[in-house]
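The data blocks that follow each hold one structure.
Below are two complexes that have chain A in common, paired first with chain B and then with chain C.
What follows is the complex of A and B.
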């Protein structure tokens, strides 16, 4: 494999695929590295193998990805599925693991297109077998066609939750109840954004249709849920929740929770890039310009990893990054680029018209991280909220300091599951916004790596 | 103006311990920290508590410190996670065994008996997972390891309880001496005054000394550690291999912590460290060669701490040759953790103009 490429794209979801199509169209030497065995990302996961039934059940939001994947395949781009990137350096050097072997390679430009992830929100019993992310169950269906065999309870808030409800209902999964945690006042707060959102009635109608389907399906839809917990000795047996101020309990062995999605920032944080805090959606996202370029001229971020906007905007953001890089590589004359950019930006702006409304509508509830002291925050190292609060009471002010003292975030997930909660708990205790805190430090290897594989990494020749 | 008897710059372990013992002697102490405590070497080192294989000059301090480690609960109100599991240094060949035997003889000639020469059979008994070549080795049976972050926290807590004033986010930018008083200014304008100043700024010690015209031959270096996922218990003592860059231990939760002085890239502008793949690759090669059981391990995390390395690898514990009342206590060269409780006592003595309990001649500035 050529050790230096024009562009290395990490992730083969909507943004990565679109960037690859665009960049290769200008003759750039592109390498796409993706964790999954087939292209499509989370949204279009396993789409090449999806049968007609699956395409029908998952609807156009899923099936429209097929064209993108087919176009990508037709380009003959160097694509490595099942390739896990575990390090990225500021000079464009990347290490990835493929079939148990790691390779170091360098890109003149890197596009990080690793998308978003379900926001991990700790609650009592979240580590019990039987509790899953709603998006994870959806991904599981796309990958393997398996669906839950017993009735499920869905819980949380956000457009993706509605989508998953629709998918599961369409697949004939019995949904015993939907516990909706969307705060009561959100709709009112979102109204000022409605006129702008109405520019995309198609998008809004989709949402309305999803809600209407939920109503028509006869599934119990419990609103104003403010608290919930999972109970059981070895696995999930019961779910307790508070709705409209009253406590309830239901039996279930499958609890699917979804509290929105957040950008995956582990690589951009590893690279020491600047991140911004979104106080409405409560997540960090890397600082980029309109092309997804970061302060490091080698590193670009595209798609939901740059900010959660959804699938179609991700393809447009991928294209913008590729156009900018093509110009820098002198594969695209500046005047031609200047003609192409406004078209793409216009499309993107149109796609984003409903976002302020949707973001305000699904603004996370304020007590999202007001976990009980006994709640396990770090599942890897078994650190409770109480232990974290204890160290704060003793004078700790920074998540990294608490990490050193309690081991919260030191386990095999490197804080991916507990990092947000840790920052929020510190912020709440000290009455500040998480944005003034330093997020947990991320270092290589970003993904767990076998020692044997590390000892055999094929290094670039000039590596020190 | 904020007046104190002693100002200590740097709230790492050396600074915190020095502050603690000064305060217990009744001194009014300000402890100035450029960010917050527990950012660098003191809180993120490998946690080795060892007398074994020390430079001969350091042995008296190290042995005195080893008397303190099991008593830290009494001294600072916390056991600091100290586990006296022993430390073993393996001789992979005849040559190395000869060197270690010569070393033990020298240590004993100085009147110290903590290092014990052992044969290959005893190495095998102590470290059954070791599969490299072995001609014996040395052991210090009551050495061990502790938890650096917990230790630092305990010293700071004890120092605060003893009356030390801790000023965080207080980056010293000016240091001057006039009319028997030191004036210390922080970048944000805070000002302090004292009769004595102790520079415990670790990797930044050189910069602090330079503020007043002292040149310390010490350089900041970032050293890498790797940690594995949990493994079934296979190792009790901390292990080093003579002639190899490896320090190896299995901690309480089953993770294996691997060090050995492999460098990381250091950016002193941002004070950040970046792991070098080529270095952790080398480190993992050494590990799998000597401990085949590690072939089934997974690296979950690496980190690197910033250390101040002195030109000859020995610390500087001395009064400034230019200005009396200014003391430099830094350059512990990646092996200060175990020494710190004792260094705190010694530095507290010299900062008060008292004769220290142990000779500090080997750590003087005029040796360079």
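What follows is the complex of A and C.
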């Protein structure tokens, strides 16, 4: 049998670190696995090695992660950086790869804390070198200290886009223009949620300040952008876009796009757990209870991977999961837990007060996935929207059928970049909501693995 | 011109890596993908194994797998989350589909 730990936490971001700190505080045997070389997740990526310049430019939203990481380190939790988890099973079995060797281990409980990702939205030319996620550029700066070497065009919608604009401006990157795809009617639709959001004026003011800074900076801010595309032979040369019904074209070497954030569901889908559809933000998220527990009593989900709420809420969700598990492991008496839970839940509720307003304010545009037929949806296997629509016209109704016929979602990213788009294209063609469709099936290994490595894990199992 | 440049080097020491036969001195805290993208005029880090199209990392966080490169002889390594190390040998995967190795 593989060795058993009390809790295996997948992901060392805000949720995973907070869960590890809390669980280890009750004496639980905790193992944290994370594919990045240092703890922090995407939000606090590489924070231990960030210089003063970086901390200052990225501001308190980043620098406050240092305390969390330091507290985590001080606990002496068994932490494996550079460890890529590639399988999780319903009995708590986890397989991970570290320095080219795979290990199988089992947890009495697993906390999946793998966070969120920028929503991949295919458009013409998004496969050209020079086109990047906007949040991606932020993440890349944190882990490498490199910034765009020439002027950038930013495009899309969402709070993270505003944050990235602020970071890049602070780093001295020249921003040629910001193409804003936030639909015109969103503010009106968001107004009913404003009173609740006003409980957190600090949060709202941060947004207002980001918008004011953008206005004051003199950067061209083009609103009501409804379509955009990237052009070039071998790399990005030009960007075309439609704003207020008129077409424009600009030259650029760098195009940074952001259309919101969605939970990473690869492991919860691999485990066959129930997922719910959010019709406002248009993403799937795993069904969990107030502690992040799923219908499988071994598996918990914490942080943005359970629902996109942001960094501070992620730490609180991590703590709730750890408290529940500590009680189940009899490391925390029920009456003490009953005292601790309301404190954390109260803090979480206060943090979440502005979310409905922000989510409605940045509701994705309705034509997000109404891509042209020639647009490449699956970047790995190079399957176009037209090929997908053709199979639908021939009678296919399920994303997994289309995957089998076209190879859309079968490449090395395993459908992470095209899965949402595929479902939305099918839903649009059949005039359904994506929630009635079965998302792409995820199978282990959920990360690339050499056959040699895979075969050696299998041998280890057989020799037990 | 390269797509990326170093913001500030004063925070870290450097290591020397071998990029397709050229020795590059890069900050020790950088990633393989960032080191390659901030060097020279090469703005693609691989060719698509499906069509041979030039590609570069898109997500920089281990999701899109566009950053796959050959590191120390091992193919398909996620260059955007792997840190550089002294003496590391890095190659882009530039084979065209169906072509000779």
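Convention: the second predicted complex is superposed on the first by the 455 of 464 C-alpha atoms of A that agree within 3 Å, B and C clash if a C-alpha of one lies under 4 Å from a C-alpha of the other, contacts with A are read in each partner's own complex, and residues count from 1 in each chain.
Following the convention adopted for this analysis, contacts are C-beta pairs under 8 Å (C-beta built on N, C-alpha and C of every residue); 3 or more make two chains touch, one makes a residue touch a chain.
Keep in mind that what you see is a predicted model, and the values were worked out from it rather than measured.
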- [ ] State whether chain B and chain C clash or fit side by side on chain A once the two structures are superposed.
- [x] fit
- [ ] For A:412, decide between first (touching chain B), second (touching chain C), both and neither.
- [x] both
Task: If touched residues of chain A are counted for chain B and for chain C, the larger one - done: C
- [ ] Considering only touches as defined above, state whether A:448 meets chain B (first), chain C (second), both or neither.
- [x] both
TODO: Based on the superposed arrangement, let me know which partner A:202 touches: chain B (first), chain C (second), both, or neither?
DONE: neither
- [ ] Can you pull out the angle centred on chain A between the C-alpha centres of chain B and chain C, to the nearest 10°?
- [x] 80
Open item on the list: If we overlay the two complexes on their shared chain A, which of chain B and chain C does A:404 touch? Say first, second, both or neither.
Closed with: first
- [ ] Determine, under the contact definition given at the top, whether A:335 touches first (chain B), second (chain C), both, or neither.
- [x] neither
Task: First, second, both or neither for A:118, with chain B first and chain C second - done: second
Open item on the list: In the overlaid three-chain picture, which partner chain does A:381 touch, first (chain B) or second (chain C), both, or neither?
Closed with: both
- [ ] After superposing the two complexes, find the smallest distance in angstrom between C-alpha atoms of chain B and C-alpha atoms of chain C.
- [x] 6
Task: Overlap of the chain B and chain C footprints on chain A, listed as residue numbers - done: 381, 411-412, 448, 450
Task: Interface residues, chain A side, partner chain C - complex - done: 35-37, 42, 46, 49-54, 82, 100, 117-118, 120, 126-127, 129-133, 136-137, 139-141, 143-150, 171, 234-235, 253-254, 264, 379-382, 411-413, 416-417, 448, 450
Task: In the complex, chain B residues that touch chain A - done: 36-39, 43-44, 148-150, 153, 157, 227-229, 253, 270, 272-278, 280-281, 284-285, 287-288, 294-304
Open item on the list: Quick check: in the complex, which residue numbers of chain A touch chain B?
Closed with: 87, 89-90, 95, 104, 272, 381, 394, 397-398, 400-401, 404-405, 407, 410-412, 414, 441, 443-445, 448-452, 454-457, 459, 463-464
- [ ] Over in the complex, which chain C residues touch chain A? Could you list them?
- [x] 1-12, 27, 29-31, 33-35, 37-38, 43-45, 48, 50-51, 53-66, 68, 74, 76, 78, 80-83
